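Okay, handing you the structure first.
Letters A, B, C and D name the chains as they come in the text, with residue numbers starting at 1 for each one.
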Amino acid sequence: MSELKKGVGPLFMDPDADNAREFFATKHLASRNKLMTATEAISQYVHDGDYLASGGFGTNRIATALLHEVVRQRRKNLGLAGHTMTHDFQILCAGECISHCDAAYIVGLEARGLSKNARRLIESGKMELCEWTNAALSWRLRAAAMGVSFIPARVMLGTDTFANSAAVEIECPFTGQKYAALPALYPDVALIHVHVASPSGNACIEGLTAADIDLASASKRVIISAERIVPEEDMRRRPHRTTIPSVVVDAVVEAPFGCYPGNMPYLYFSDEDHLREWLQAEEDPEVFKAFVEKYIYGTDYFYEYLDLCGGMRRMIQLRRKEYMVDGAACD
Amino acid sequence: MSELKKGVGPLFMDPDADNAREFFATKHLASRNKLMTATEAISQYVHDGDYLASGGFGTNRIATALLHEVVRQRRKNLGLAGHTMTHDFQILCAGECISHCDAAYIVGLEARGLSKNARRLIESGKMELCEWTNAALSWRLRAAAMGVSFIPARVMLGTDTFANSAAVEIECPFTGQKYAALPALYPDVALIHVHVASPSGNACIEGLTAADIDLASASKRVIISAERIVPEEDMRRRPHRTTIPSVVVDAVVEAPFGCYPGNMPYLYFSDEDHLREWLQAEEDPEVFKAFVEKYIYGTDYFYEYLDLCGGMRRMIQLRRKEYMVDGAACD
Amino acid sequence: MSDYNAMELMVVVAARSLPNAASVVVGTGAPCAAAMLAQKTHAPDLVVMFEAGGLGPKMRSAPVSVGDSHTFYHAIQASSMNTIMDACSRGCVDFAFLGAAQIDMFGNLNTTCIGDWKAPKTRFPGSGGGNDLASLCRHSIIMTPQDRRRFAAKLDFVTSPGYLTGKGAREAAGLPRGTGPHRVITNMAVMGYDDETCRMKVLSINEGHTREEVIENTGFELLFAEHLEVTKRPTKHELKILREEVDPTRVIIGR
Amino acid sequence: MSDYNAMELMVVVAARSLPNAASVVVGTGAPCAAAMLAQKTHAPDLVVMFEAGGLGPKMRSAPVSVGDSHTFYHAIQASSMNTIMDACSRGCVDFAFLGAAQIDMFGNLNTTCIGDWKAPKTRFPGSGGGNDLASLCRHSIIMTPQDRRRFAAKLDFVTSPGYLTGKGAREAAGLPRGTGPHRVITNMAVMGYDDETCRMKVLSINEGHTREEVIENTGFELLFAEHLEVTKRPTKHELKILREEVDPTRVIIGR
């Protein structure tokens, strides 16, 4: 067998399962009312230097309201799990909140183009990166959710992505097959936007779950923002529909249209015009500074941002656009 | 570090991921009508010597109608994935179908007692066993579902369960922590009972999923029996409710009360009287032979068994008993 | 003499060992009754789990199977075996109730067979989730009748790990740090484990039983707490809740 | 001269490379248009997947994101990233469409950076799911414009594996047996890979382009098929479906 290789990238978070167990032992499991404002939730659960993970996928079901609050409260030196981060990455870069990042997909907004501001931050060397892939990051979260310090996978092998990651090669003890061993990833805090949640944090996601089920389990703290808050009994009546159980949740924030300008499945489509406005504003640093000032620092609550973007009239348009994707509303 | 140990138990199934990939490459993915009778499904997809896995958990949401058919068609030398098998194991032992078994929980029916017939088969040495645990078997299925030949876990270590398994000890390349490496388990065929399925095999499970999501992905062939068949469009309207996607399914069998005498969540409770009757019949091999003759070999269809057990009158009683667990029917 | 039976006392003792807001994986029967009693007395926020996937149900009556509909009645989540086992592995679960055909002085458990494994005199179900819970949950609690056959000097088969061969053996085997057997609750006594030797230690003896009787019914040498106590009897309130609300048909606590 | 443009031809060629009842992971834009066109012509049972979790949608129009609501419109399942990636790893996925800023003669792809990785001249998004799909799906297909900058002798960064350094290199690296790059579809030509050397080989040249032009626009030595053909032009039916049903607003195929 050839020699087993090792990636030279930095391991930002401790993959040790026993150390993580010590944290989880302290987590308060009791079902209690965890409703609070975004201001309170970010203030209480996201600290400078924390390693953050954002739910959803790029512009889809992202926790925009919470991400704005992270910027507004000027958090710094955050680490980040970057599995397909697009507009969410753009927001955090607008606040220059991130100092290190496990990168799978960053700086781009898919076919919409690249974020000039995010590129500037990275090309200037202000952000330490470790390379991964989308699957690798989602499997790293799964390893953490499973309480094991590593998991084998068949990706990254043979590439510079591997060489600049913190993965190492191992051999299967049964077949001799070579695998990339991926270290478990236990984020400090996850921000996840959902369709419905109860005050204790029982949450239901409709549509794609991306990596959020494992993310919620793997993270030391979990902040849920929800389009709608429902009574506990509504969630408990059909317990097989609970996507994220309250026992892993620390805070619940009511945030209607909380994913705007992203696409919330069955509820509203993405605002492509506004996303274009972001990208255009980033062309000129001065213009972008004013843009961020206006939309984030200059607002106190997320609904002020929604109003600046066209308010209810705009939201109803996006709602109609989503219904044209699927005529049937979700029940 | 101390020497790494190896279990001496037999590895019944090949954990090699590349060999499994070759099989999955041949699997026909097109959405087509897969509706057939239990007779046809077992005849076509379960062969002597196959390694079988049964969905649900013990007496809950098990595929009784399909299991009876396996016995009725006198399949022999089957292998079995035995993560909490109770009445399902009892049925297969009634037909003396099994020659080798990955055992986590067998021969018992939880608090109801032990199956004398199953014990007789094992104590007479007619069944080759390899020891595992419930979690180990479910993680072995997860490894297969993930397309990797092994997965690390923190169970079985230090015990005779490990010594008589086919697991091996490995060390984490990041932390040095010792783990049990569990070999991937790709069953030949899985029998899974669900609440609702479309003719192509899009299936929805309500209530506990046990290990069935991974089981359906890990298995080379999947037979679904369903309480109710619904049009394709019903399943496609809410695609986030699909528990098992049609692409992994080979056959769909309509089987109302198909889990009887087990408990089908939200629909009917277990028939504890009939389960007691089984255990009592097993006290005397001659009595049991007649019992199996009457209920399984002497019937052609599962509904004949239901009629022998009290028919609609009994089913309605069990339905009422289930509603008393949860007054609200599932929608 | 006493106004409660041995099983009632065992359930009450087990219930008391579960703090509020803790999490516990239970089976059917007595452990489930203990968890329900705890919820209805001092531990309303106790999170009850079942290995098949039931998470945090509001149980109205005890299940007949760890996977039946009772286990997720108005639950936090009707999840999967993996979800529960992952949570145990991640370190989110404080307690697990286990049973056994044999138990030794280190709390190792046999639920697999009597006699040689290859040609067993009696085959039992095997580990089920027992080894998993004994390996992964912080504290395991055994409820069992006490007799010499069951409390064995040497197990015919070590199905699930207690402290294995003594202090440090679990960690050396690779099991999670800071886990292990916590209590053994029998018809005669309540036992814990000695911090230094990890050997079983009698903490209190149930009313109507004696130290000698406990020794006679144990196949290995027991340690005894310096201040050996009489097991605190059930309160009237505990008995009332247990009999009227937890197990009104007396399926578990006897007739 | 021709009654179709380069992008229309590329989409048609890509669509034809997808057999009926195969499975394919697609991105937004041209790959998605190709899959939709295939479904509406010769491959009605093509199973389309998106890496964020969309499985088998009945797409009415092309998504703007690989995770938006279009990707699971009336789908078989709205699943998760893990579900899709697991299926790829398990060997259930036949094709994947990939893009790249750079591609070399072995089909290795760069989507990470231009210049030194530590101080990049230009930072691109990185692998995303690209490396995963290139590693795990049976055949990968690239659709890209052809020029010397993009078809590079040496990549600045190998983000996703093609045939790495040549025959046998994927297997030696640990990648699944029998996987690798399949087609490169450009505005000038259609390329495959030589069985023996795993090097890129021109199979057909698009109408209006020449062998010399293709060579000029490639930064490495290309192989050519013995019987070099002219890329089969789109049929009227294909163009009609593509223009009227797949991309009526001409967002993908241009105005």
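The rule is short, and it goes like this: contacts are C-beta pairs under 8 Å (C-beta built on N, C-alpha and C of every residue); 3 or more make two chains touch, one makes a residue touch a chain.
Note that the structure is predicted; figures quoted are calculated from it, not measured.
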{"item": "Shortest path length from chain C to chain D (each step joins two touching chains)", "value": "2"}
{"item": "Taking each chain's C-alpha mean as its centre, the one farthest from chain A", "value": "C"}
{"item": "Chain A-chain C separation of Cα centroids, rounded to whole Å", "value": "40"}
{"item": "Chain A-chain B separation of Cα centroids, rounded to whole Å", "value": "36"}
{"item": "Inter-chain centre distance, chain A versus chain D - centres from mean C-alpha coordinates, in Å", "value": "28"}
{"item": "Touching two or more other chains - residue numbers and ranges from chain A", "value": "17-18, 139, 146-148, 153-154, 177, 179, 206-209, 237, 240, 265"}
{"item": "Where chain D touches two or more other chains, by residue", "value": "72, 74, 78-79, 88-89, 136, 176"}
{"item": "Category of the chain touch graph - line, ring, star, complete, other", "value": "other"}
{"item": "Chains touching one another, given as label pairs in label order", "value": "A-B, A-C, A-D, B-C, B-D"}
{"item": "Residue ranges of chain A touching chain C (in the complex, touch as defined)", "value": "17-18, 20-25, 27-32, 144-148, 202, 217, 233, 236-237, 239-240, 242, 245-248"}
{"item": "Parts of chain B lying in touch with chain A, wherever the complex brings them together", "value": "11, 15-18, 139, 146-154, 168, 170, 172-175, 177, 179, 181, 183, 205-209, 237-238, 240, 265, 328, 330"}
{"item": "Chain A-facing residues of chain C, complex", "value": "20-23, 45, 47, 55-58, 72, 74-79, 86-92, 94, 136, 138, 176-178"}
{"item": "For the chain D and chain A complex, residues of the former touching the latter", "value": "27-29, 51-54, 60, 64-74, 78-82, 85, 88-89, 108, 112, 117-132, 135-136, 157-161, 164, 169-170, 172-176"}
{"item": "Sites on chain B touched by chain C in the complex", "value": "2, 56-61, 82-84, 86, 103-108, 110-112, 114, 119, 122-123, 125, 131-136, 138-139, 142, 153-161, 164, 169, 177-180, 206-214, 263, 265-266, 269-270, 272, 322, 325-326"}
